[in-house]
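In the two complexes below, chain A is the common chain; its partner is chain B in one and chain C in the other.
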Partner chain A sequence: MADATAWLHPLPGATRLSFCGDEAAQDAAAAALGLPSSAMPCRAVSVGGRASLWLGPEERLLLAPLNERAQLLASLEAGLAGHAHSLVDISQRQLAFELRGPNASLLLNAQCPLDLALEAFPVDMCTRTVYAKSEIVLWRTAADRFHVEVWRSFSDYVLTLLHAVARELSARP
Partner chain B sequence: MLLIHCPYCGPRPELEFSYGGEAHIARPSPPESVSADDWVAFLYLRANRRGLQAERWRHVRGCARFFNALRDTTTDQFLATYRCGEPRPDGGGSASP
Partner chain C sequence: MMAWRAAHGGRVDRSRPIEFSFDGRSYRGLAGDTLASALLANGVHLLGRSFKYHRPRGLLSAGSEEPNALVTVARDAARSAPNLRATQVEIYDGLRAHSQNRWPSLAWDLGSVSNWLAPLFPAGFYYKTFMWPRFAWHRWYEPRIRAAAGLGRAPVGADPDGYAQRFAHCDVLVIGAGAAGLAAAAAAARSGARVILCDEQAEMGGGLLDEPAAKIDGVNSAAWLKATIGQLGLQANVTLLPRTTAFGYFPHNMLGLCERLSDHLDAPPPDLPRERLWQVRAREVVLASGAIERPLVFPGNDRPGVMLASAARSYLNRYGVRVGSRAVVLAGSDAAYAAALDLQVGGVAVSAIADVRPEPSAPALAAARTAGIRVIQGATVLATAGRLRIRNVTLGTVRPGGTIGRGEILACDALLMSGGFTPSIHLHSQSRGKLLWREAERFFVPGATAERERSAGAARGLDGLGAALEDGTQAGLAAAAACGFRGSATPPLVATNELSSRGAPGALPQPGHAAPAKAFVDWQNDVTSRDLELAMREGFSSIEHIKRYTTTGMATDQGKTSGLNALGIVAHGSARAVPEVGLTTFRMPYTPVSFGVLAGYDRGQQFDPVRRTPMHDWASARGAVFEDVGMWKRARYFPQGAEDMHAAVARECRSVRGACGLFDASTLGKIEVVGPGATEFMNRMYVNNWTSLAPGRARYGVLLRDDGFIYDDGVVARLADDRYHVTTTTGGAARVLQLMEDYRQSEWPELKVWLTSTTEQWAVIAVQGPRARDVIAPLVAGVDLSAGALAHMSVARGTICGAPLLLFRVSFSGELGFEINVPADNGTAVWEAVYAAGQSHGITPYGTEAMHVLRAEKGFIIVGQDTDGTVTPDDVGLAWAIGKAKPDFLGKRSLARPAMRAPGRKQLVGLLSVDRSRLLEEGAQVVANAGQTPPMQIIGHVTSAYASPTLGHPIALAMVADGRARVGQTLFVPMPGGDIAVEVTSPVFYDREGAHLNG
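Here is the complex of A and B:
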């Protein structure tokens, strides 16, 4: 990126699972993943390379390294036996990139209407939202670092806009 | 931008939401003994109030949940939002769901 105060880089392919279930099923899924159980709205919990992102009261986005897919599905299947739930592999539906640097929130806020001040959107907060006309999932992984999930077919649109915004910022007097 | 208070996520920008029509419209039951007039009322007839109205909204670009809101249709002011299944907080309008 031309602007030296924010860096964007693609994240490696990952295992992505869309999970829906009630509280008991959520606890069972968290246990199968080796993650602490959490029902806190708009918050992510992560341990090692695995993460569970709260997207709705009954919906989680589960992320893990690509090579853990088979093992993960097996432990989830075993742990969720007897729990009504839905589990969909969406690994290929979307891709992710990381936006890092003191201007990261400024770049996002050019097309995302959320309040991204650290007090309003603290570290570990995550949510589905929009970037211009595209749906994204935004997860703040550090004060100046965001993990962004975007649907594969929308990624060109989002990345082109991000670069356009970065050019404008770097052209500022 | 107008902020709408999602009962699950808190205050969020208006463009993450979509409007879902008038709230608290009970589906008539049992369907086999509902008259044509009652079906028409359920499907099509809406109060379209000028002033305070209970409405369904969906935080479609957030938690994706439906919820209900009390909104003044003349000023666009949201007076309250509440979860589906909860009673209308001002006690107004007709009863249930």
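Here is the complex of A and C:
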């Protein structure tokens, strides 16, 4: 980007699982993934390359490196035996990019209505929200860094818009 | 050559001259000028023609309340903005501005003939004059009124500028950066709150910019402003937004702000947007929007040169411009004296202060006496003269007892009036805050609030700089405290002998009973006090009715200068108190907002997301013609050589029926329904019985709304005991998932079931035709493709080209068919592999148009084309799909209503023209007898119609009353060229036994 106050780069393909279940199932899934159990709304827990993003009381988005997919599914199915749950592979439903830099939240706030101040949207906070007319999942991974998940057919729209906003922010009178 | 520029003073930059033009004539101004101040500096007072009477008009004000000086500023044909207030347009080198509402020129406006015809154009003239003859309204009156009326012209070209938008949150939003607003922002910011301070002017400071003599905290106002704004600008928790108008107050403290970014630049950088819309969610709002001076109502009060006293003061003190050489000041408040004193010092001869109050205040009189300015007490104005600029004013004297005597005629080229100040309560009122009437001051102030907001300073009727600073500080502290930020601040100290801004004379007394002609209340809408009295005489008493009848307070101005004067006249005329008359609603926007900034990024290619499938580029490279389906781009047909759509579709259909077709079905919605409660959930949602569906099998599902009408349909496969793969229509994917989630979460929370959209997880490649199995067999591993192992409506997992495969044996074409589901990343590779493998079998890619023809030949409906939201399953022959033994499903109860079973319902049938040659029109009506004349008895309509390459003649589907009982009958489709005789048939035209499907 022109004035280097925010960088956008695509993230590599990943294993993405939509996981739903009650609290006990969530705990069992966290144990199977090697993640700490957490029921805090709109917060992500992550260890190594694995992360669990709270998207609803019973819904998590599980992220892991691409090559861990088979292993992940196996250990989850084993750990979840006896727990009512839903596990659906959505690895290719969406793609992800990272937005980094002091202007990252300004770029997002052009079309995302949330309060992205650090006090209001701290590191590790995550949520399903919108960017203009597209649904996104937003996860703050550092003070000046966001992980953005977007459905693949909406990605052109979101990225084109982000570039337009970046151009406009770098224009000086 | 700026004859009217004072030798010194003002905040303009005298070292930076700026060339601009107005109505084609070149002028020179200074950096810091508005178009209004620059024109005044050149002695130009005539800036526009009035809306109704085309009367010559000049500047009334110096701010955003300006009702007269509406101009068009054009950079080029596409960049032309009408109705800009000259008082707000900042000049830049090369600016080209034009006056409005005149032809052929501003000085000789032929439209002003309507000024002579004024008696024909009283209030409500639209309703009265043009009633007869009736036909003349559309042909004659309306086109001419529309041509004559209107404010400015919309640009012709597409807007080439960019418009930005931003969402922002803050603890305290302060609107208005005058004394009160700056004090509020400073106090709130010091408490630690996140503060946004916005102001509509280019420079922050508000009314303080007009008060160079004021001393605050021991320094002059300019130094105080510089220090205060500079300090705010350094604080990380403060955002300063000059040139930003808060135009709308929406529920829950959401405010709309329009920031003007590039209109003031002579050469804006290409990527800089013209404006930015801020949608601010504020925890607390401080409205420091100030007050607007009220005009006085007297005959001829609209001549160029008649101006608000505060405006004359602003032009002199802020812009260094004298509004004339000889002024008469009409005082309805002491503020007029302050203006007179400043003007006299600034080199304008003040002939007299004509005070319309019987007893002017002592300090004001003393000040005038000291300055040697003559004061005429108990004055009124009987008339003014001058064609394009005021030449003189005829005063009257109000004798004890109220009779009016003729007074002297004073020559002048500026008549400055002050009728007191009206607090700007627009935003408070927009937020549904209550208003309180103050009889003593005769204005409304903000009362009980509905939102978390407070007004400060002049906006809530306080008088004077000291009070504004004190009140602003307290408001800022209180707003911050309400957000949990405790702080303290000392209000800035003011040492000055200010004159009060109080006063509210409104309409000046006139001899006789009737209201005088051409005593204007609303400059922008050309409403006079006589119009208001006429409205009252004709029986209007509510101010809301009077507003609509006379148009006072309408249009871009929204009554900023006229509102209280109109109220006062109506209250006086009907002998009621002002609160009894009521107050019209303040509507958003505060000042006009461009459509561009509201549209923002939603334009052109980015108007909506354009969704493309994984195989889109392949189709595009093969020359596919695409159509929009929802947000998706779908390949409609693949023309070869010089083929038109008809030829391409016919070829594609023949290939599917005769060999094999390849179709991208990725856009179909897909929802995975998973959990131990999945079967029960599906039983409650869809009409079908899912308990009897074995894993590995699929079924055509029908989804109703609770009213019993078809909402969506699609193939549903049971992948495991507790897992369903539900497909929906392309356009219905989102709403079906929403409907399901609504019932899952709100109605049936006890069910252990969850829903996940998998639409985009899978690329779906439909391979359809008698050779389909042969085409895919070499590529598929792990699935027995034989008819015995994988029957029609089955599903199996395996691999294809090494990719995980979910393979459906389904058909929407009526031929042997498979739908290959692979992860989206594998879509193109698998598609290409299938295409290559199919070459020897004559495989042909086909699009949605051929798909439509093929399904219509089979009588398969498309929800939303053959159904219209009033169609039950039985109406379209799908009663077989309903699980009869189920205790309940969505819509079941509605299907039992008598009307749903009554005879006469429209039913799906096929129609063939009797001569087998006529292609019917979709949407055409169906009647039982030929030769009818309107109104005909309609018994049905055509829903789908295609040329069928398979049958060799056109076919149609239609919804016809009692249609199934009419099979074999001849009906008629009336068309402009005559009735088309049609034969009613079964909707299934091809392979009624399903031999091909099950092959």
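Here is the rule we use: the second predicted complex is superposed on the first by the 171 of 173 C-alpha atoms of A that agree within 3 Å, B and C clash if a C-alpha of one lies under 4 Å from a C-alpha of the other, contacts with A are read in each partner's own complex, and residues count from 1 in each chain.
Here is the rule we use: a residue touches a chain if its C-beta (ideal position, glycine included) is under 8 Å from a C-beta of that chain, and two chains touch if they have at least 3 such contacts.
Only a predicted model underlies this, so the values are computations on that prediction, with no experimental measurement involved.
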Note to self: If we overlay the two complexes on their shared chain A, which of chain B and chain C does A:Cys42 touch? Say first, second, both or neither.
What the structure shows: first
Next item on the list: Using the superposition on chain A described above, determine whether A:Thr160 touches chain B (first), chain C (second), both, or neither.
Entry: second
Note to self: I'd like to know which partner A:Glu59 touches here: chain B for first, chain C for second, both or neither.
What the structure shows: both
Notebook entry, point to check: After lining up the shared chain so the two structures overlap, which partner does A:Gln94 touch, if you call chain B first and chain C second: first, second, both or neither?
Noted result: second
Check: Is chain A touched at more residues by chain B or by chain C?
Finding: C
Next item on the list: Scan A:Val123 for contacts with chain B and chain C and give back first, second, both or neither.
Entry: neither
Next item on the list: Answer with first, second, both or neither: which of chain B and chain C does A:Glu168 touch in the superposed model?
Entry: second
Check: Just which bits of chain A does chain B share with chain C as contact spots?
Finding: 59, 113-114
Item checked: In the complex with chain B, residue positions of chain A that touch it -> 41-42, 55-57, 59, 113-114, 127-130, 135
Notebook entry, point to check: Which residues of chain A touch chain C in their complex?
Noted result: 13, 18, 20-21, 58-59, 84-94, 106, 109-115, 117, 120, 132-134, 151-154, 156-158, 160-161, 164-165, 167-168, 170-173
Item checked: Footprint of chain A on chain B - complex, ascending -> 1, 8-10, 12-13, 15-16, 61-65
Item checked: chain A-facing residues of chain C, complex -> 162, 164-169, 194, 261-262, 265, 268-273, 279, 281, 601-602, 605-606, 608-614, 631-632, 672, 674-677, 752-754, 756-761, 823-825
